[in-house]
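Presented below are the structures under discussion, each in the form of structure tokens.
Here chain A shows up in two complexes: once beside chain B, once beside chain C.
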Partner chain A sequence: MKKSKDDYLTIFFISIIGIYIFIALAFPMYAIFSKSVENKDGIFIGFENYQSYFSNPALVYSIYNSLFISIITMVITITLAFVFAYALTKSCMIGKSVFRSIAMIPILVPSLLSGISLIYLFGKQGIFRELMMGYEIYGPIGIIIAEVFYTFPHALLIIITALSIGDARLYEAAKVLRSKSIRTFFTVTLPSAKYGVISAAFVVFTLVITDFGIPKVIGGQFNVLAVDVYKQVIGQQNFEMGAVVSVVLIFPALLAFAVDRIVQRKQVAILTSRSVVHEPNKNKKFDLIMLMYCSIISVFILTIIGMCLYASLVTFWPYNLSLSLTNYQFDLMDGGGWDSYYNSIRMACYTAFFGTIVVFTGAYFVEKSRSIKTGRSILHLLSMMPMAIPGLVLGLAYIFFFNHPDNPLNFIYGTMAILVICTITHFYTVSHLTALTSLKQIDNEFEHVSSSLKQPFYKTFFRVTVPISLPAIFEIGIYFFVNAMTTVSAVVFLYSSKTNLASVAVLNMDDAGDIAPAAAMGMMIFYTNAAVRIIYVLVTKKILVRFQKWRTKTV
Partner chain B sequence: MNKILTTISVAVVFLLSLANANAGSLTVYTAIEAEDLKRYAATFNEDHPDIEINWVRDSTGIVTAKLLAEKNNPQADIIWGLAGTSLMLMKGEGMFEPYSPKGIEKLDPKFRDGDEPASWTGIDAWVAAVCVNTVEMAKHGFSMPSSWEDLTKPEYEGHVAMPNPNSSGTGFLDVSSWLQIFGEDGGWDFMDRLHKNISHYTHSGSKPCKQAAAGEVPIGVSFAFRGARSKAKGAPIEIIVPSEGVGWEMEANAIIKGTDNLEDAKTLADWAITQKAMEMYNEAYAVVGMPGVAKPVEHFPPGLLDAMIKNDFEFAATNRKSILAEWQKRYDSKSEPKS
Partner chain C sequence: MEQYLSVKNINKYFGDFQALNNVSFDVKEGEFVCILGPSGCGKTTLLRVIAGLESQSEGLINQNNKDISLLPPDQRDFGIVFQSYALFPNLSVKNNISFGLKTRKQNKETIDKRVDELLKLVGLSDHINKYSAQLSGGEQQRVALARALAPSPGLLLLDEPLSALDAKVRQHLRLEIKNLQRQLGVTTIMVTHDQEEALTMADRIILMNNGVIEQEGSPQDLYSKPKTAFSANFIGTTNLFKAKKISESSIEINGSALECNENIKDDLLTVTIRPEDIKISENGNEKNILNGTIKELEFLGSNIRGHIEVDFKSEKANVICNFASEYILNNNIKNNSSVRISLQPHALKVVNE
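== the complex of A and B ==
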């Protein structure tokens, strides 16, 4: 078949986005693997680095430590999030939307902020230090509490989705058969949510094992893999060993990724077009218990954030408790000053803008272009890859790839551009999936009609697809923005003196012992993200009313 | 179609504009306390407004490791304020552009490289000290320490913080001074006993004192300047000068070989040892490179200057690597299983 102008354009755009992902992901990953089998002078030495890694008991012990905290956190988070999600979807308690909003707070702050908060709550001068009963918050206890806080909303979102697709017809059947509610829970609710729970469990596991902010802040002498990467690279500038630990770190993350993909595929099959959404029935006792439970969790989340807010305003903890803004004088602290905050905002805006364009266009071609089947599936596969790569590893890989003197792209090293590219790549997959979901809802008839009217595809794209998908586009933009503000792991190796970031400043201020200013900078990130989210809600309400009117008419 | 192409080209131009480099500026590597950086750059710019300073700051060990790692592809133009022992080590690696700044003869001979032209010039010195939180000490019923030896008293078990010498310059000057004060064997023996009392080793040299100031630990091995700053902020701390004597280290400057901005680097190297610069350092440091300039600094403990040991920098510089390796082998494994 002769290819049309449209086909060539499609090939052109698919190639551009494909090349982008190759440069931003595949080549750097190759660089990190090859670095791990080289010595300092760049000569191939096989697995010698790995041998010396596995013969160092302190480093190997980090693997056990990492697995230990990841598994414990996974169990706790999934249990807590499941009950919370259950309350939100299957009870008739009041204040559901409030609880939901509170539960999302941890997404708006850098992960390590919860660690800082715990120091103020349970540290040697903490408000509730007696509750520790002589145990140290510095170490596995602190890490696990902080990680639960950090991963809770991620698990919650997935489990809510899984629980809300439970088919009401099954519940009806169970009721008619006079099944006890506990039995219904185990035979209907749990099986339909099974895949969501497994998926959430692996997401939590990956988040914890690849997070280094929290163990860095509150881990004390308890070493984990992610911190080892950081120590090797930043502390000792031993890049080869950093590469080795990174490769070790990729394996559990890859495994989790693979399981998640398999499970996700099965999940989709449960929901058929004939499913009916299950509406919960009132049950006073049950609703009250759920209300109490959600309140306790919410109080926990608000305490963590509230403690940081308070600590950031206290002049000199714990000896001068008068309130002042001293800790917000970032220019006098280690870490980057107010410049780093403005840099973060710029970085987040660029990431949101360019990221949304790249991701949405990419998803459009994957979903809507009729020709070039292989190109589409390759592009989809490439778009799924970033999820399997921990941010820390991606950042390190960027050093190896972009700072190589022979790389023609060497000039972006140390600039804002590399931070933006790295952040877009790091958060590519989730955005890609959001875009795909939204595009799948648009009938392919639009493309068919426009093509039979001999209209080029980009006209349909701009006149139909983009306006219809505006909610998803905004969602992607906001996702990029919020994550660009909070991410530490992907950018900690890549910032330069001119492009210091707020999230990295939190880390560095804590490192230098300026904990209160670190809390203050973390709160600045929180205020910004919260404000952006609120503006987003207001704006989308207005815009959506205009652009999405047709949706409500049909209902 | 045109619309798309325009959008793309705008985006590319935009990305490129993010990536442009600045001319007329210096990348300066340093380990000077962060709160002083803005002040230093501003004072320098009073005389040289056309040279922009881009600081890259981290703890001494980190900056040293970074410079060594970048040896073949240097990113820095000049070093302004990094431990003298690190600079001596790097001089041996041939990493500096030898240049005797104007007025070098006015510096105390200890504060300049003996070679002609000189590879490095010292600007000031920082001195070890112990920050002790009086409130927390009273709470635990501890007696105040007055010597290094006191820090090994069993009652302090788990109540002392000190910097990791691998990353912190202060940590390294502590370790190298103990090896000089107590002798090689006596020094390691002292550290073995001290290790039993250590609650944690920090990455930065100022953190133990800041933690002592905040009551997270009662005793923090740190340096006098940091203690004075925290005391000025109202922290209930005493700055103890151990009776055996205290280690100290100079901060020094050097131009990196291969800098693409040698002229500006020389201008900065010249300015950094002028009297004006020395007075600027003196606001925080009690000892500066030019004799006769220094005035007493507020909150500094009395007798500190007399307690400074006769530091053998040559010993510290040449043995830096082996001392650090030995230290790491002995103490860096606190995270290992207790089996």
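== the complex of A and C ==
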């Protein structure tokens, strides 16, 4: 069939987004692989770097350590999150929305903040140091507690979704057949949530094995892969070895990603069947137990964040406990000062703005355009890749690719632009999936109707698709903003003295021993993200409703 | 009337599967044509090929003396109504209808006038500012129709437009769409799986099965002169029998010799007879009389459908007949009553397998 003007425009836009992803993802990843098989002078030496890596017992031991903390954290987080999600979906306890909000707090702070908090709680000068009974918080114990805190909301969200799709009709059938509640749990609840739980487990595993903030802050002498990458690059300026460790780090992440995708595909099949939502029944004893459980978890989360808040306000821990804003005078410390905070805000705004546009447009073409099937599949595949790439690896790959003197894009190195591009790429996949889910709910015939009415596709896009998708678009924007504020791993190699960021400042101040200001800066990120979240809720409740009045049945 | 659309030798493959097999037909200007067939017969694919939403693997399409075979949908001249209506939910009725009017540099008054005119046409003038969520299914359907007709397309395509509606609304809209089409004289192709819809609305029906055109003709022709067993079975209810040739005007079904008004050629053949063409014989003067027992009576209102076990010479076989309810009640016919029926010679039709 002949190509119409729409088809050419589509090809044009798909190519632009495709080229963007190639530059922001594929080429840098190629650069890091090729760097790992070169020596310092850039000469190809095969697998020599890998040989020297695997013959260094200290480095290889990190693989074992990384797997150890990732698996332990995975088991603990999934168990805790499952019961919490079960309480939120299958009990009639009071305060569900409050518990849910509290459980989401860890998403709003940089991961390493929980490490700092643990130092104040259980460290050498910590409030509860006696509780450690002689054990050190610096090391695997501290890492695992902090990682559980950090990964809890991520696992919770997935498991809540999985549990919510349980079909009420199955529960009714079980009841009519007089099944005991334990049996119902194992025959109805668990099977339908199975894929969600598996998926959550792999997400947690990936988050932990690729996280470097927490082990950096509280790991002590306990080395993990992600910290090794950082140390090789920042500490020893050994970029080739950094590349090698990065490649080693990609494998478990890639594996987890692959398993997750397979499992997700099966989950979709359950979701599409039209089931009836299960409403839990009141059960005093059960509801009370769940209430107690959720309270304990919430107290734990609030303690961690509260400790940081307190530590940030204490004048000089532990000698002068009077409250002041001394620690918020960032301009008096190393680490970038208040400028780094403003930089973060700017970076988060740019990321949210440009990221949302790129992701939503990309997802639109993947889902809605009718021409060039191959181009669309390639675009979708590329959009799924960033999830498998640890942020630290992506950042290092950017150094290799963009800092290469022959690269015409060399000029963006050290600017705000590279931070924004890296952050958008790092968080691309989840946003892409959010946009895709929303677009899939829109009738595919809209595009056909408009072409029969001789209207260009962009008119339908702006007048129909975008207005209908506004909630998802805001969701994506917020996701980008919050993550751009908290991310350390993706940007720690890429910031310059002019583009220092708040999250990196937390890391650097902690590194320099200024733990209280680090906590204060972490709290600044928390305040900002919490405020943005609250504003978002208000906006969706009040203003968005006015633009969405077509959703209501009444006139 | 002259030919407006002609479809020639269309083939469409999806991988190894052939969805359309050498499909050809013509549509006259102002004609209402129904493409009828069971699900999976290729009728929707055919409509999408005509619209350019799907490209044919082989074949030509001519519209208004212009070859449109390779044109993308936005360069063809048609309006379309989908089964889902695909109304833009965030636009009011007015903006939905005017969606296709705005590029042509028409001024606001012309557009408003056209929208009013169309709303009057479909009887929804009071709903101009509503959104689709606030309309009933039937109303949404009519808005979709108005939107498709707004730019005055040369060809109107309807893809199962009534199948998502309640039975009552459907019957009502059937008439309304037919009247509207006649009034505007717009050439229309409708796809449906509902034979009643096709029979009541179409000037001409194209019956499809397994990607080929099984038969085409007026509704009356299709009903009374089915060419194939599939046609006879798909449209209305019918009885089908395997038969053997005795002479040019007589056949044998299950050992019983029967007269037949058709010119019998093949030795082995299939014949069909409609339930309403089977008569109960009162005095035994009719031709082709057989004895049978009533096994089941289904009350259908004015009619009663009888399932009769008929004693053919060599074996028994079930036959469906339609009777006037009054007749059955007055003559006290019940289950297990014995009856004599006549398979009238003019009603026995030979069809291709």
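We adopt the following convention: the second predicted complex is superposed on the first by the 551 of 555 C-alpha atoms of A that agree within 3 Å, B and C clash if a C-alpha of one lies under 4 Å from a C-alpha of the other, contacts with A are read in each partner's own complex, and residues count from 1 in each chain.
Following the convention adopted for this analysis, a contact is a pair of C-beta atoms (placed from the backbone, for glycine too) under 8 Å apart; a residue touches a chain by one contact, two chains touch by 3 or more.
Everything numeric in this text was worked out from a predicted model, so none of it was measured.
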{"item": "Superposition on chain A - do chain B and chain C clash or fit", "value": "fit"}
{"item": "Partner chain(s) touched by A:467 [first = chain B, second = chain C, both, neither]", "value": "second"}
{"item": "Contacts of A:454 with chain B and chain C, given as first, second, both or neither", "value": "second"}
{"item": "Which superposed partner A:415 touches (first chain B, second chain C, both, neither)", "value": "first"}
{"item": "Where the C-alpha centre of chain A sits as vertex, the angle toward chain B and chain C in the overlay (nearest 10 degrees)", "value": "160"}
{"item": "Which superposed partner A:446 touches (first chain B, second chain C, both, neither)", "value": "second"}
{"item": "Chain B versus chain C as contact partner of A:239, first or second or both or neither", "value": "first"}
{"item": "Contact breadth on chain A, by residue count: chain C or chain B", "value": "B"}
{"item": "Superposed arrangement (fit on chain A Cα atoms) - minimum chain B/chain C Cα distance in Å", "value": "13"}
{"item": "Residues on chain A lying within both footprints (that of chain B and that of chain C)", "value": "456"}
{"item": "Complex contact set, residues of chain B against chain A", "value": "1, 3-4, 7, 11, 15-16, 18-21, 27, 33-35, 38, 54-57, 61-62, 65-66, 68-69, 73, 75, 135, 166-167, 200, 202-204, 206-211, 214-217, 233-236, 332-337"}
{"item": "Residues of chain A that touch chain C when the two form their complex", "value": "1-7, 370, 443, 445-446, 448-456, 460, 463-464, 467-468, 548-555"}
{"item": "Complex contact set, residues of chain C against chain A", "value": "51-53, 55, 70-76, 78-80, 82, 84, 86, 88-92, 99-100, 103, 130-134, 147-148, 150-151, 153, 157"}
{"item": "Chain B-facing residues of chain A, complex", "value": "9, 57-58, 61-62, 65, 119, 123-125, 138, 220-223, 234-237, 239, 316-320, 331-335, 337, 350, 354, 357, 403, 405, 411-412, 414-417, 420, 456, 458, 462, 496-498, 511-515"}
